[in-house]
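Before we start, here is the structure in question, set down as structure tokens.
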Amino acid sequence: MKYVDEFRDPLLARTVAAAIAREARPDRAYNLMEFCGGHTHAISRYGIPDLLPGNVRMIHGPGCPVCVLPVGRIDDAIALARRPEVTLCTYGDVMRVPGSGRLSLLKAKAQGADVRMVVSADAAVRIAAENPGRQVVFLAIGFETTTPPTALAVRAAAAQGLSNFTVFCNHVLTPSAIQGILADAGDGKEVASLDGFVGPAHVSVVIGSEAYAPAAAEHGKPVVISGFEPLDVLQSILMLVRQINEGRAEVENQFTRAVTAEGNRKAQAIVAEIFETRASFEWRGLGSIPHSGLKLREAYAAFDAERRFPVAGASVPDHKGCDCGAILRGVKRPVDCKLFAGVCTPENPMGSCMVSAEGACAAHYTYGRFRDA
Amino acid sequence: MTDRRLFARKLDIARGAVDMTHGSGGKAMAQLVRELFAAAFANPWLDQGNDQAAFDVPGGRMVMTTDGFVVSPLFFPGGDIGSLAVHGTVNDVAMAGAVPLHLTAGFIIEEGFPLADLKRVVDSMAAAAREAGVAIVSGDTKVVERGKGDGIFITTTGIGMVPPGVAPSGDRARPGDAILVSGSMGDHGVAIMSTRDNLGFETAILSDSAALNGLVAAMVAAVPGVHVLRDPTRGGLATTLNEIAHQSGVGMRLAEADIPVRAEVAAACELLGLDPLYAANEGKLIAICAEEECDRLLAAMRAHPLGRDAARIGRVVEDAHCFVQMETRFGGRRIVDWLTGEQLPRIC
Amino acid sequence: MCLAVPALVTALLPDDRATVSLGGVSSTCSLELVEGVAVGDYVIVHVGYALSRLDAEEAERTLALLAELPADAA
Amino acid sequence: MTDRRLFARKLDIARGAVDMTHGSGGKAMAQLVRELFAAAFANPWLDQGNDQAAFDVPGGRMVMTTDGFVVSPLFFPGGDIGSLAVHGTVNDVAMAGAVPLHLTAGFIIEEGFPLADLKRVVDSMAAAAREAGVAIVSGDTKVVERGKGDGIFITTTGIGMVPPGVAPSGDRARPGDAILVSGSMGDHGVAIMSTRDNLGFETAILSDSAALNGLVAAMVAAVPGVHVLRDPTRGGLATTLNEIAHQSGVGMRLAEADIPVRAEVAAACELLGLDPLYAANEGKLIAICAEEECDRLLAAMRAHPLGRDAARIGRVVEDAHCFVQMETRFGGRRIVDWLTGEQLPRIC
Amino acid sequence: MKYVDEFRDPLLARTVAAAIAREARPDRAYNLMEFCGGHTHAISRYGIPDLLPGNVRMIHGPGCPVCVLPVGRIDDAIALARRPEVTLCTYGDVMRVPGSGRLSLLKAKAQGADVRMVVSADAAVRIAAENPGRQVVFLAIGFETTTPPTALAVRAAAAQGLSNFTVFCNHVLTPSAIQGILADAGDGKEVASLDGFVGPAHVSVVIGSEAYAPAAAEHGKPVVISGFEPLDVLQSILMLVRQINEGRAEVENQFTRAVTAEGNRKAQAIVAEIFETRASFEWRGLGSIPHSGLKLREAYAAFDAERRFPVAGASVPDHKGCDCGAILRGVKRPVDCKLFAGVCTPENPMGSCMVSAEGACAAHYTYGRFRDA
Amino acid sequence: MCLAVPALVTALLPDDRATVSLGGVSSTCSLELVEGVAVGDYVIVHVGYALSRLDAEEAERTLALLAELPADAA
């Protein structure tokens, strides 16, 4: 696979790892947060920690749209799916996320709800067009990467005059989340001393690397936009180590083969046409973050599932013992949580970090727990 | 199994329900089997924990195994439910080192199923049985109302005789043993996924569905003392190795670079966000043997057409946690865990 | 993480769609979010949509940078 | 079979489809089995045409049989799908005169099926197996999507060993032989129908579901040379006798007055316009033996709790047409033919 | 079973058989037609021919409403059942009757049509009430016996204001059929010399024994209304033998425990309220018979499936080789038909007489073909 | 043939319905087509509807007529 295999080369990996080991100062720690689950995945699946010196520590951020979907929104989606007239379409990832009472969309489907997996938003529009007698709700989730396809789906449904297609929108915004993590909210929550960020890959393809400039400047933290292949991650770590060593706090772009400073203007325009920012949106594990979510604009109200159907909108807390908040802020590690690997496992996740393979706890459980043994 | 914490909590029998994960070959299925079926049926043969039971009959040692086949679509690149139903059961017999003897076949057919399709399935079974050298000696046909089945389900059961001195079993992996596979991983799983319209991809990959009794015969002739034989079907290589690790109370160390995976299988998995180590195989086996017999076994495997691409992929180690670990191709290390839930295509 | 793959455009289809290929596996995607894509280009595909073209020169440059690092002593 | 005109026309494989009659145990099913399954799988064991195959293994003669269970409702008066799945297969093993040894069980479960019901089924299977003295030594679990199954389907397969000198088979009925049944006919079929809401009747009748291996052991101890043993399940006594008549190339003469039918079963059949001779049994057997051994066999049957109501119901005669005829209770004579289609309640 | 078992007594049977043997004159034949399938059934199932002298011959009439339903009406019913909005409910007997191309309602159901078996007409009304989104069509068949329940169902549906319940009416009238058999239609069809009729049991419960007086008088044939138990039939045969011996041609009533001269007035009234006579109706095997079928009255047009849905109404002939017409008229016997037991069997009936167990050919095939051996 | 059975009325139910029994098998039927039926009566039931009461005296009379015939010589 061109542009994939080259960036998984083990010989180059050793070269970059050696450079990191050489350049990282033994007298200090490098606490680096990879925002994205894609990076978390690469780090865990390729065993990158084994290639890093002990003082370069990767902290897994909240960058998985599935993980940060609040329990209350899952409950709402299940309630929608259970309406007899509704066919709920969504991506495979979302289907097994547990809501309240360990119920998931998969289990609701087993109980008879009409839930269909799609691999693209336009498939949901097609299902609506083919089933005029059904109310098709597309449960949309994702960061800026995934929002443009949803926007195009809404525009297509409008163009076709479909009256049975709506979107239950859970699209969220990553720069706001980074700000949320960095801002000492004054709510007593401890925040780890982060030395830098490995910045989103595909999100940045859409929004451009400049989108992180405010966060970098405001909080004085270097950000390196990084591809999702393991060599990309290693190189970005090297770039962060260098920035830190040199006292810089810039937005750098390692993923130049796909990311530009301004991003994909066409995609940004269609998103802006269909969606607008919510005053605030809840992130599982992080709580409510201002201006961090999207909703459909008034002009597209007819395609908004939250307006067509009653949606409870309740906020449902995670298990009391769950330490996800502290883990996402880099203050704790998965093994510090009393529930980790005992009560809380990928089969029965108790908190956001265990929900998808890219969550901090799930990644550690699935790929890395031999390190605790 | 040695890991008491394998299942975080007990099955909620009073309020729970069966869902797709209970059939996907992963941990949920292992738990259902252990806490519900094995608990109720408990007997020394079932408790062997293998895909087949071995027991003594007057004339020697016999094995018996059953499998239901519910594949969709019924006809897929490289095979169909008929040949698969023969191969799957012949293979479970063979994985005891046994020579398959007879099969039975139970059909559950949904009304409205075309006779032409039924004939195609049945002819394919007959051809597969002929090729594998087994006879389908008894059968049963049930018809269910439309909407209460899915075209056709086939349950085959097989028996076979184990040659003296041969006794592979999932609980016989020992630290120091070599771990081998007979060929590339994930072909069947990806071939099936490629037929699903809603996944929207196409490949030339064919299912590897095949009867492995000939290969096994060659293997046990070369190394009668082979410790473990098992076919990595549902749940793939990863899950099957975890099963064996827990059954034997050992750990494993794999080398990712040594595990054969076809380029197209890897690409399809990349596209869907899946891992080929969890994709099903229907014509491959895992063998575990003493290190000193590894070369002999590998040579015997490679000499057989169905073992041409056989490879040594790792070794058995001592590990109270029964972890299956892997040196990644990239140079790091990670756990290769049980399948959790179902393999669903991901967007993130 | 936003799973996306770099895929080769092998054919342009009606309705602003394309056939793409990844290591021998072919699929289709929408080109509605990108402009001026031609057969032979690589695009980054996410949930069935091309999000951008992949810049071959930049990819070379990135790999070249890595290759310039002194080889591992170990 | 000797009646070349048994099936008026060949199966229309090119354009036909499976319908409920192909599963109802009658002539349509016999034709499907013969023209499609038996034609494709042809081998000496399947061609025995019995509900089980008998073959030689190093240590003696073994039998093997399989059956799928798709009963609705899953829990019915007198049993459930779990106990039925054990009884049905134990009985098919026993009908070869064999001692059942081991069973396997394949489960096909519809997602959403309550674990509590699954446990009830599995516990019932375990109890039935214990009572019958067999072990369920291997199993398989598949889960199908909602709407592609019907709660749970179970396929069981059994093996057993035939004592030396014992060899009952459906082709061994000889003119002059006596025909016996072990008890009242139609209980199971009527018990199942009584649960169907849309038929709107209630009775206290329980399914007769039971394992007959104990009874058979007593019978072959008394009369090792018994010619035929078969359980009249789907299609009832009438269809099973027709099968045997064709297999052996003989006719039969029954006496309606001698065929045990419970008053309530007769009444329920009257109500629905059905015939108890076509209603299924799951704990009864037909035995055919030489006239001179009839009394001994009958005595052995009656001495066993499951054969208390055993009766001699007729005799085997020469008949090139293989007709099963019956002296009616009323004094006339009629054919007792194969089941045609399904047993559907009638209004006329 | 009281009132059942007594009438199946083998000792009394021998007594009556002996009386028939004594009283039937050896010098003549007694060609008796039992009109009803119920009698055919009793005669075949209990082996009554074995109890009769050779010169008393039973000829099976057309008295099975399933058998006489024309192929075209079955085709129409299948077409109705295949309409996506339709749930077709009917009695079990009808479901396996083959229409054109050997398709039956059972097979249509196997192919996906929504066909449900009911054991009473009111069950169909209940299904309609419970499924307001479906168009429930009740395929009604039957003689006068079965018509009153259909009439009540229509009245109940009207009372409940159901707009999704209709009846596809195939109710027919027995006296008209008897007239049809006896009338030499001048169409060249041969008619057997019938000496008397065993008259309907349960039909007569509803319409009363007097309903047959015109036929008896007009054609000079004795009619004995007979119960359906085998002793009833034997006794009725004895009564016919006596009438014939005495040269009488009266309507006598053997089934006095259930049949009166005037029948069930209440049932007749409800039928008259809902239904009216068709100008003519086709009987399979007999052809078109004037005034022999019922349809819904104008006032209940809303419940008439033939008005709500397009119904082809084509007449489809039976197999050219089928001799049913001659058999139903008593001119031929089943074995005289070239197709009998070869091409034509109960599994694959070619004509009306083989369709249900009560048809002349089917009864002979199923119960009596040993007599030909 | 119009399958109908003589069933014993064992209980009267609301909505002009009754529980009936045939040889130990119980069922329900409608009484809408008959009048004045009481528990203990026998009715002739067809497709879930009682078509008439069964006249016990007439039944006796029929059987008596048969019994009067001279017994079979054979």
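A few remarks follow.
When the chains are written out, they are named A, B, C, D, E and F in that same order, and each has its own residue count from 1.
The rule is short, and it goes like this: a residue touches a chain if its C-beta (ideal position, glycine included) is under 8 Å from a C-beta of that chain, and two chains touch if they have at least 3 such contacts.
Here the structure is a predicted model, which is why all the values come from computation and not from measurement.
Common neighbours of chain D and chain F under the contact definition above: E. In summary, the chains found to touch both chain B and chain C are A. The greatest number of inter-chain C-beta pairs in contact is found between B-D.
Note: the chain lying farthest from chain D is C, by mean C-alpha position.
Separation between the centroids of chain A and chain B, computed from CA atoms only, is 35 Å. The centroid of the Cα atoms in chain A and the matching centroid in chain C are 22 Å apart. Computed centre separation for the pair chain C/chain F is 83 angstrom, with centres defined by C-alpha atoms.
Contacts with at least two other chains are made by residues 1-3, 5, 22-23, 46-48 of chain C. Shared interface positions of chain E, defined as residues touching 2 or more other chains, are 1, 4, 14, 17, 37-38, 64-65, 91, 110-111, 119-120, 123, 142, 146, 358.
Counting partner chains per residue, chain B has residues 17-21, 111-112, 200, 263, 266-267, 270, 346-348 touching two or more of them. Applying the touch criterion to all chain pairs gives A-B, A-C, A-D, B-C, B-D, B-E, D-E, D-F, E-F.
Chain contact summary for the complex, chain D toward chain F: residues 200-204, 263-264, 266-268, 270-271, 273, 346-348.
Residues 5, 7-9, 17-21, 27-28, 198-200, 263, 266-267, 270, 272, 319, 321, 323, 325, 327-335, 337, 340-342, 344-348 of chain B touch chain A in their complex. The touching residues of chain D, counted against chain B in their complex, run 11-20, 22-24, 29, 32-33, 36-37, 40-41, 43, 45-46, 51-53, 55, 57-60, 62, 64-70, 101-102, 104-116, 118-119, 122-123, 125-126, 129, 135-145, 147-150, 153, 155, 157, 159, 161. Considering their complex, residues 109-112 of chain A touch chain D.
Across the interface of their complex, chain E is touched by residues 111-112, 146 of chain B.
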